[in-house]
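Each chain carries a letter (A, B and C) given by its place in the written order, and its residues are counted from 1.
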Amino acid sequence: MVKELVLPGGHQGLHEITHQVATLVAEAGHEEGLCTLFLQHTSASLTIQENADPSARRDLESWLKRLVPEHDPLFTHTHEGPDDMPSHIKTALTATSLSIPILNGRLALGTWQGIYLWEHRHHGGRRRLIVHIGE
Amino acid sequence: MVKELVLPGGHQGLHEITHQVATLVAEAGHEEGLCTLFLQHTSASLTIQENADPSARRDLESWLKRLVPEHDPLFTHTHEGPDDMPSHIKTALTATSLSIPILNGRLALGTWQGIYLWEHRHHGGRRRLIVHIGE
Amino acid sequence: MVKELVLPGGHQGLHEITHQVATLVAEAGHEEGLCTLFLQHTSASLTIQENADPSARRDLESWLKRLVPEHDPLFTHTHEGPDDMPSHIKTALTATSLSIPILNGRLALGTWQGIYLWEHRHHGGRRRLIVHIGE
């Protein structure tokens, strides 16, 4: 089964999408299987991070912003704005696809794991996530 | 087929798990297929690296420790210890899931490739790895 | 279905392989499915990046070269040349495996996405890519 999720445009940062993915997995109805997420963009990415304390996600975001700052004199690809090239780099350093096993009919996430869309643009538009669920 | 591997707690660094995964693949008995690994944690990760010369893995570990040092004044998420926030960042920069094709009944790894659990905490507890093997 | 693609040796940088992968997907003939790529090397990697403006890929390459320079005094694994250890690190920071859903018989890539082999050695030899296509 392949489904498309259109995620609403969001501000720069981590947006939890665990619930939307879990709903698709429940609908698919497999006791065991594999759920693969693929984001159709090169300026936003996917990550699995701690869903308990929001300070962990804020620090993660701040750290990566400092590693890949805007207005780096090295950049030549700048006509789409100062946040464009950092977004491509952050995408390359994180994940465009993620696979999560399905066990007992549910995503086999760890206790503290959530699935996140990581928007790297200041104001990303709608983002398309393709979800494959197989046995 | 979905199996759970409980990996014993280890010190910070790369721990080879190729043998444990290969054993599950042999048990599954598929001539061709796909083996997907998913780690249920956000302070340890997965990587495929050179299994020949241990100096490559030591340098990799040292380099990443220097890139993401402890006691960074940027961190606010510090109550779980100085190695906690660096662990989340290192996890985001590496992999939580990995997929390896199965060919001729075996993992289709390259000659010099090994699969590693990358423990980012000083003393990680037991780590749960979920293994999906499909056709 | 598992196939092996032997990619010709190339210079350091990003080499588009979308066409070769799409050809295998067309041959497999699945309306829906999942295509997983696995690179059998630890000094080259895979990434999905913008295929429109080559300046984005050049900046990405330059940025990563500056982050992981050669001749770092930290490196002890140097007997295979100054580009060896940076190649292992760049591989760990990017991807060894990637999964892309198949929809309507084609790779469900976004409009601006291309699949790239990222050669990290100055002169990589032939690179082996294992492609798994499943339902």
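We adopt the following convention: contacts are C-beta pairs under 8 Å (C-beta built on N, C-alpha and C of every residue); 3 or more make two chains touch, one makes a residue touch a chain.
Since this is a predicted model, take the numbers as computed values, not measurements.
Colleague: Hey, what angle do you get rotating chain A onto chain B on C-alpha, to the nearest 5 degrees?
Modeller: 120
Colleague: How would the chain A/chain C interface be labelled, same or different, where same requires over half of its residue numbers to be shared?
Modeller: Interface between chain A and chain C is built from largely different residues.
Colleague: Between chain A and chain C, what distance separates the C-alpha centroids? Give it in angstrom.
Modeller: Roughly 20 Å separates the two chain centres.
Colleague: Can you list every residue of chain C that touches 2 or more other chains, as numbers and ranges?
Modeller: Those would be 67, 93, 95, 99, 134.
Colleague: Using the touch definition from the top, list the residues of chain C that touch chain B in their complex.
Modeller: Interface residues on chain C, with respect to chain B: 1-2, 4, 36, 38-42, 67-68, 72, 74-77, 84-85, 88-89, 91-93, 95-97, 99, 128, 130-132, 134.
Colleague: Which bits of chain A are touching chain B when the two form their complex?
Modeller: Going by the criterion above, the answer is residues 32-34, 47-50, 53, 55-56, 58-60, 62-64, 66-67, 93-95, 98-103, 108-113, 134-135.
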